[in-house]
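What follows is subunit A paired twice: with subunit B in the first complex and subunit C in the second.
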Partner chain A sequence: MTATTLEDADRRKAWGFAAPALLWTLAFFVVPFLFMAAMSLWKREGREIVRVWNLDNYLRFFSESALLQGLINSLEITVIVTVLSVLLAYPLAWIIAERVPKRFQRMALILAILPFWTSYVVRSYSWLLVLSKNGVINQMLTSAGLIAEQLAIASTRTATVIGFVHFFVMLLTLTIYSNLIQLSPNYRRAAADLGANAFQTFWHVVLPLTLPGIMTGAFLTFVLCIGDYVTPQILGGNNELVLPQIIMLQLGRRADFPMAAALSIILMLAVTVAYVLCARWLKIERA
Partner chain B sequence: MLRRVFIGSVSWAYLALVYAFIFLPVAVLVLFSFQDGRLPVPPFNGFSTQWYEAVFADRKLMAALGNSMLVAISSSMVSCVLGFLAAYSLARYKLPGSALQRGLLIAPMTVSYLIIALGLLALLNALHMPLSLLTVGIGHVVINLPLCFAIIYASMGDHQINIERAARDLGASDFKVMALVTAPMLMPSILAAFFLSVTFSWDEFIIAFLLSRFDVTLPVEIWSMLRSGLNPKTNAIGSLVFLASVALLLILEFSLFGRTKKQ
Partner chain C sequence: MMQSLRDGAHLRRFFSSVAGSAIVAASFVSVPASAFATEELNALVWCDHTDPALVEPFEKANDVKVNLKVYEGTGAALSILDQSRPGDWDVLVIDGVDVHRAIDLDLLAEMPAGALPTADIFPEVRMEANNTKDGKTYAVTEKFGYNTVSYDKSKVDPKDMQDLSVVFSDKYKGRIALYDYYLPMIGLAGLGLGKKTAELSEADMPALKEKLAEMRSMSKQVSDVVSSQTALATGEVDILVGGGEWITAVLSADKPNLDWTIPEQGAVRWAQSIGVMKDSTKQDLALKFVQYIVSPEGQARLATSSCYWAMPANSKAGEHLTDPQKAALRFNEQAEYLKKTQLYPIPSTELDQQFQDAWTEMLQQ
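== the complex of A and B ==
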C-alpha cells in the first residue's frame, strides 16, 4: 500500500495491530533492561540493596583481579573457540559443497548437524562421558598402553573449548556451506581462464567472496559463546571462571544483584565492541 | 593424476575425522544409555533398558517434560500471533517511525539470554511477582517474538496486497482479511516460525532456570540431575529427547518443507 495520506481510522488500526508486540517488547525487554542498568549503579550492603547512585560495582570490577580475570578468560576462550570453529568448519563445508556428489549433499549436511538436536545441557554432559577421568578417551588410551596415568581433561579450559567447538562447527558448517553454493561457478571459470591454478582460485576468488558470510557466522559464534553459562559450568568446572559463571555466583551465593547487573552490562559492552569491530572490518572488505 | 587422488583421499579422510568428532559424544550418550550398571562409561557391561524404565517411572522428570511442552507450545503461539499482527501492520501500513519499531522488535535477538533473564528477574523481584511457568513463558516470548516477527515479515511480499485489496473491496473487515486471506497465504512461514520457536523454547535453559521456582522445565530438571554426576539415567532421557527431535525434524523435512519446496 503506497499510502501517503493515511486516514486517521487506518492509522489507529495500524497502531492497534502493532501495539501488542511493541508493548510486550517494551514491558518485558526494554523496561527490565533499563531497570537492570539502573540497578548496576546501586550497591549491596549486607543483605540490603542501597538505592544510592554510585560507580562502586564498576570500580570493583577493575580493582578486583578475580572479576577482571573472568572477562579475560571469557574473551580468550571465545576467541580461541571462534577461530578453531571457523578453521574446522570451512574445509568441511567446502568438501561437502565441492567433493560430495550433488544429490548426497543435503544428506551430508543433515548428518553434519544432526547432533545439534540433542538438548543443549545434554550435549555438554555427553562430552563429560568422553573426557572425564574414567571416560571413553582415557580408557581407550590406557588400554592401548599409550598413557600410564589418566589425563585430566574434564574441568579444564580444554574441555570447555572442545564442547564449544563441537557446537559451533555444526552451526558454521551450515552457514559457510550455504555461502559456498551461492557462489556463481562463473567466477571460478573466469579465474581458471586467466590462468589461476586451484589454490590461487581459492585464495584470491572463493575465499574473499565467502568472507562476509564467514564473518557473520564468526560474530554469531562470538555472541553465543561469550554469553553462555552451561558449557563452561559443566565442562570447565570451577577452575577458570568465565564472566557468566561469575554473574551466576553473584546471584546465588552472594545475593549481590547490583554486581550481577554491572557484570551483565560489561558483558554486553564486550559484545558491542565485537560488533563494531566486525561491522567496520566488513565495510572495508566491501569497499 | 596422482595429485588428484591424493587431494581426494585427504578430503575424504578429513570428512571422516570431523564426522567422527561430531558424532562421538552422541554415540557415547546413546550407547551407554543401555548400560547394565551404574556408570555410563566403558567398559560396556551389557544391554539393559532399566534406565529407560527409570526415566518413565520418574514423576518429576515426566512432569518437567509436560511443563516444557506447555511452555514451548503456548509461548510459541503467543509469539506467532503477536509477530504476525506486528508484521501485518508494518508491512501494510506506513506508520511514522516504522524503522524504529522494526528495530525495537528485533532488538532482543542481539542480547544474551542470560542478560534478558537477569533483567526480567530483577524487575519481577522488585514487583514481588512470584516465579512460575508463566514467567518462564513470558521470557520465552521475549526471545521468540523477534524471530517470528522477522520470519513472517520477510515473507509478506507486495504480491499478496492485491488479493487482500480484493477481499476488502468485497466487504471483508480487517480481521477477516487477516484470518481468511493473509494468514492462509503465509501459512508455510508462520508454521516455520512456530516450529523454530518451539525448538528454541523447548531447549532453552538459562531463562527457564532463573525464572522458575517449583515447576521446572525439562532442561532445568536435567540440570539438577547432573549434580549426582555421571548417571545412565541422564543418558536415557538425553537419548529420548534426541530421538524425538530427530523424528520431528524428519517429519517436518518430508511434509511441511518438502511441500513448500514443490510449490
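== the complex of A and C ==
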C-alpha cells in the first residue's frame, strides 16, 4: 500500500469515528441554533409570529434600559461569582492535593462535592432558609450579640452570589485539583534548587502551570452562572433581573419566542466573548 | 391569578410543575390500579390536578389512566399544543382570561351546556364572556381565588389590612413581598388608583408605572408562589400583596398566624377553566372528566389539592368540605368577597406587552 492510500484510509477512519459526534452536534446544536437565530429576526405581532426579517427585537433590547440592565446585572454577578469561586476553590484544591494524604484525597474530594448530590432547587431553597431574617446566620449572630438587628441577606444580590459561589466552588475545586495533581514535583524541586522560596515557587511556577485548570473551571463557571435562572429567581427576590429571568418573562404568558430568541442570542454572544478571552488557556492538548 | 401561576408566575409555575411532575412520577412508581386501566386520557393541566386524591376516584370509577402534564403559563401550554399531534391531548385547563386564545386557535371543542352544572357555579365566576363564544360553551370555570393581601396577623394589625393604601404606605415598608405576576399586580395597582381592572388602558400606563414604583419602594421582594410562602412562613416578610387563600390556606394547619383578607378597595379575582380538546378522539371520556372535576365532590378535592388551595367554582362543593377547610377558604363569605372583587385585566396583546414592560421596568428599579 502506498503512503497516500494509508493516509486516505486513516482519514476515512477518522471521519467515521467523528461522524456520530458531528451528526449529534449538527442535529442538536447547529440546527436548533440556526433556527433560534432566524427566530430572533422575526417578530411577534399580536398573537402571530411575523416571519419577516427585521432587527426590531435587538433594537428593542438596546433601547429599553430595563432589558439592557438585565445583561449588565448578569455580567456583574457572573464576574463576581467567578472571581470569588476561584479565590475560594484554589486553596481548597491545593490543600486536598498537597496537604491531604494520598489515601484520604478521594474521601476529601467526595466531601468537597457532597452538596452536588442534592437537587439544585432544593439547595437554593435551603440557602433561602439559612439566609432569611430568622435564618440560621441571623440567629447565630444575634444570639452571639454581634448584631442588634437582623441582617437582610435573603432576596438580595448577596444571597444570589452566595448560592452561586457555594455551587461553583465545588466545580472549580475539581478542575483545579485535577490540574494540581498532574504537576510533577520536579518543577518545585528545580525552583528550590534555583533559590526560590515557597511563595516564589507558587507564584512563578505552580500558578502559571495550573492556569489551564483555573481558566477551564472559570469558563465553565461563567457559562453556567450567566445562563442560570433558578438561583437568582429563588435567592435574589426579584430585586434585580438577570437576562435568563427576562427571557423567561417573554415566554411565560405572551409566548414571545422571537424576543426570547434574540435575548438568548445576546446571552450566547456574551459567552462567546468569554470564550475568546479564555481561549488561550482552554487548549485540550498539554503544553 | 393565582395560578396565573400559570401565566405569570413563571417561577411558581416552574416549581409547581416540578412538584406536579414529581407527584405524577411517584404515581407511576407506586403502580396504582390505574396503571392497568383499559383506557388513557391525556390532560394538560395546572399542578393542582396532579393530586392523586383528585384524580384516582375518577380513574377507578371509569377504569382509565389519566396522564397529566403540568405547564406553567398559557404561553407554555400553547407551545406544547403547537408541538403536539392532533389528538395527543384530551383535556385542557387554562387561565380563565385566556380561554378565547384557545378558542381562536380552534383548540377547544364545544361542550353541551346542559352537561355542565352551570346553575350551581357562583354567578360571578361563570364568566360566560370568557368561556363561551357565539352562544357555544367551550370551557367551564373550575376554580377561582383572589390576588389580594395575605399577612401574618401576629406581626401586623389586621385592621390595617382592610385598607390597601395602608398596605402601600411607609408603615410596613420593607416588610412586604409583591407577588410576581404582572397581570393581577397591575390590576391591584389600578385599584389603588381607583380604576376598574376592565377599564385599564394605554392612557393609564404613566399612572400605573408610578403606582408600581410606589409599591416597589415599599416592598422587600417580588416573589413567586413558593418563595412568597417561604417568606411569609419564615418571617422574612409580614405581608404579601397579590397573595390570597391560595397562599395561606394550604398552610392553615401549620401556620395559623397566616391570614388573608380583601381590603375595602377590593381586590383582583382569578379563575381557571377546563375544556375538552377539539381533536381529542375520546370526546365522551374527556367530557366525563370535565364533569367529574366540576361536580361537588371533584370540586372539593380540587379546592384542597396538595399543590394549592382555592375556591371551588361549584357552590355545592361546600357539602364535601370540612369546617376547617371552609374556614381556611372563607367559603361562607364568598358572596361578599365576590362583590368586592374584579376579574383581573384582560389586555389586548399590545397593552399586554406594555403591562409586561412596565413590570420589567419596575423589577429593575
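A few comments on the model shown:
Methods note: the second predicted complex is superposed on the first by the 246 of 287 C-alpha atoms of A that agree within 3 Å, B and C clash if a C-alpha of one lies under 4 Å from a C-alpha of the other, contacts with A are read in each partner's own complex, and residues count from 1 in each chain.
As a convention for this text, contacts are C-beta pairs under 8 Å (C-beta built on N, C-alpha and C of every residue); 3 or more make two chains touch, one makes a residue touch a chain.
Since this is a predicted model, take the numbers as computed values, not measurements.
Once the two complexes are laid over each other on the shared chain, residue contacts for A:103 go to neither subunit B nor subunit C.
Comparing subunit C and subunit B on the residues of subunit A they touch gives the larger count to B. In the superposition on chain A, A:117 makes contact with subunit B only, not with subunit C.
Contacts of A:30 after superposition on the shared chain: subunit B is touched, whereas subunit C is not. Within the superposed three-chain model, A:125 lies in touch with subunit B and with subunit C [touch as defined at top]. Legend: residue contacts after superposition of the two complexes on their common chain; A:234 is shown touching both subunit B and subunit C.
When the shared chain is aligned, subunit B comes close enough to touch A:169, but subunit C does not.
Of the two partner chains placed by superposition, only subunit C is touched by A:70; subunit B is not. Of the two partner chains placed by the overlay, subunit B and subunit C both lie in contact with A:134.
On subunit A, the patch touched by subunit B and the patch touched by subunit C overlap at residues 121, 125, 128-129, 132, 134-135, 234, 251, 257. Residues 46-47, 64-67, 69-70, 73, 121, 125, 128-129, 132-135, 152, 154-155, 233-234, 237-241, 246, 248-249, 251-257 of subunit A are the ones that touch subunit C when the two sit in their complex. In the complex of the two chains, the subunit A residues touching subunit B come out as 1-4, 6, 10-11, 13-18, 20-22, 24-26, 28-33, 35-36, 39, 88, 91-92, 95-96, 99-100, 110-112, 114-115, 117-123, 125-130, 132, 134-136, 139-140, 166, 169-170, 223, 226-230, 234, 244, 247, 251, 257, 260-261, 264, 267-268, 271, 275. Remark: subunit C residues 7-11, 13, 15, 18, 72-76, 78-79, 101, 104, 174, 177, 180, 183, 220-224, 226-227, 230-231, 234-236, 349-350, 352-353, 356-357, 359-361, 363-364 touch subunit A in the complex.
The touching residues of subunit B, counted against subunit A in their complex, run 8, 11-12, 14-15, 18-19, 21-26, 28-29, 32, 39-43, 81-83, 85-86, 88-90, 92-95, 101, 104-105, 107-108, 110-116, 118-120, 122-123, 125-126, 138-139, 141-142, 145, 149, 161, 174, 203, 205-206, 210, 218-219, 222-223, 226, 230, 234-235, 237-238, 241-242, 245-246, 249, 253.
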